[in-house]
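You will see two complexes here that share chain A, one where it goes with chain B and one where it goes with chain C.
On to the complex of A and B.
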């Protein structure tokens, strides 16, 4: 029986796609999360309802269902999306909902007086956000956002069900050839942990530095 | 495609999909029955146990949280037969997702145990309770009350995670939707119906969790 070590090499070929799905989806989520968070706290009720509906539906339906809709569902409408873009787009749309909630919590954590003080010293709205609010909110936003990235790393495995050739799909391919499931999926698990643990370490390091920088400012 | 076409077959499919939803709910119950007690044990091991047990519990939690649930599921379903332990798909999914759930909920239980003020433990000892009694009658009842909302939040998350059981051909909700899609080629319509069924359970359930959380914080 071949050992776990033998599979680390072949499965590593999927790391690139795994990272592409993880960070691609996060990038989309981090970007679209901003307008969704704004809609979610808008004064105009229809817009607010739209924001709420987006967040609730994207979070209330399993990722695998969204990936199937992006991959098989859209194809029925004649829109053919390859598995990688479908995975990145599907998980990105979900990330948008989670990131919107993280941004909202970050904005709420900035004391109201900071907004008033910024306006009182004559900052413009954009200056207020750039120099006063965002530097403070980012300290609250960063830890849950990093936790979410690590969660996405694990969710990226779901992309294998629509055929994206990432780590889990390669492991499944090996399994179908050799039926050596034990070492194969152990190797896959080790690779995910080897990516996830340093990510967690980096996030703690940056978090400490961000908190310190804010304290010094 | 018009809306009429989108909804046209929903009445034909709803029976089959409801059966799948029931299977998803059953799987959620089974996963929780494994994952929650195991999560509590891991939390007790990592915050109250002697040092070797503490390290072991922390290592198990790290693995359970660090490896994708789908990979754990494949490992149990395809890997264990190699160790001469062949499991039925439902049992494999219960063990695999239960293990992952234990890793996530252990952190919550641990936070709950740590949130019980030290004075409570000192008082328990002062009135002469043994260590086991102190844990059972003083620490755990308070810890569990604190963690109920976030733990229920994880139950809702794992209700959604039962969709991973598609990968080992358990006839739960998304598997049935996929099967209908592949035989009728009406993927979009049937997937939307399945998605709405998930949402119909998950959204009210997570709102209930939010409400419980707010109520707990108000009473605290």
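On to the complex of A and C.
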């Protein structure tokens, strides 16, 4: 019987795709989260409702169901999407909803007086956000965003159900050949942790720096 | 600067009603009155941090927005606010920037001054308000009085036509407030046009060329400090002054 160590090598072949899904989806989410957050706090009601609908819809349906929709659902409509793009796009769309909420909380954490002070010194709205609001909001946004990335790393495993060849999919393949479930999935778990723990470490390191920059001279 | 028939309603509540005020260049106007009388709202409407419901504001004869017409565009607003310096009760310094960066930011980003020039000007202004030694400190490392003086330097950096002060010493210990009043006194004697909302009656009487008393969103009376404060014409003013001065 093979041991845990024997499976680390074969399963590592999936790391690339796992990272691609995680950071690809996060990148998409971080980008589309901005317009969604703006829509959610828009003054014009229909736009605001649209933002709310997007967030609630994407968060209300399980990610696995969204991936089935992106893969099998679109295929039925004659839109053939490969499993990797479907996984990145599907999880990216969901990430957009979560990131929008994280951004909103970040913006709300900046005192109203900062908006007024920025406007009072004649900054344009874009200058106000770029130079005054975002540098402060980022301190609030960063920790939950990093927590979300680490969650996403683990959630990327569900991309295996639509055939994306990432760590968990490779583990399932090994399991079907050898039925050695325990060492295989322990090895998969070890690989996930080996990626996740340093990510957590980096995020704490950056967080301390961001906070210090805001607090001290 | 001229304020014509300014009104502001928050829903059914009328915070300002038909307020007109003209301020000559170099003049110092002190606005006094009870809380909720519309003093702060007036200042905030002058630089359109609040959109007035009616009336208009002119600077150098140029209106900021049409009366009851379209709202001024974001660009017009930004341009207006560069002519009007504002100092807040709670300082509102940018916490992620050092003192000198606070004073530089709008010079560079709003006026397009070169960084070198902006920095020189910022240091000169910090010197003028007496805190050159704090130039590289972040606001949190400064006392309230120092923070408010940085905020004054930040507003002055745009070379505004008029400075608005919204209870600049209300959040400060009496002693720290004194530093701030000292800087304001100097500004006034240098000929800066100023509108000062304040509860510091002695300061108002000493520094202001004219006192405006407001209550319930209206100007009740205005005139030379001595007259308004020693011999007010209106019963409402008398009642307020009695409450303030008989402490």
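Here is the rule we go by: the second predicted complex is superposed on the first by the 215 of 217 C-alpha atoms of A that agree within 3 Å, B and C clash if a C-alpha of one lies under 4 Å from a C-alpha of the other, contacts with A are read in each partner's own complex, and residues count from 1 in each chain.
Basically, a residue touches a chain if its C-beta (ideal position, glycine included) is under 8 Å from a C-beta of that chain, and two chains touch if they have at least 3 such contacts.
A quick note: this is a predicted structure, and the numbers were derived from the prediction, not measured.
Contacts of A:155 after superposition on the shared chain: chain B is touched, whereas chain C is not. Contacts of A:113 after superposition on the shared chain: chain C is touched, whereas chain B is not. In the superposition on chain A, A:125 makes contact with chain C only, not with chain B. Of all residues in chain B, only 1, 62-63, 66-72, 74-75, 77-83, 160-161, 163-164, 166-167, 174, 177-178, 181, 185-189, 191-192, 194-195, 198-199, 202-203, 206 touch chain A in the complex they form.
Against chain A, in their complex, chain C makes its touches with residues 47, 49, 74-75, 77-79, 81-82, 84-86, 88, 90, 92-96, 98, 105-106, 109-111, 136-138, 140-141, 154-155, 158.
Chain A makes touch with chain B in their complex at residues 1, 56-57, 59-66, 68-69, 72-77, 153-158, 160-161, 168, 171-172, 175, 179-182, 184-186, 188-189, 192-193, 196-197.
Touching chain C in their complex are the following residues of chain A: 111, 113-114, 116-125, 127, 131-132, 135-136, 213-217.
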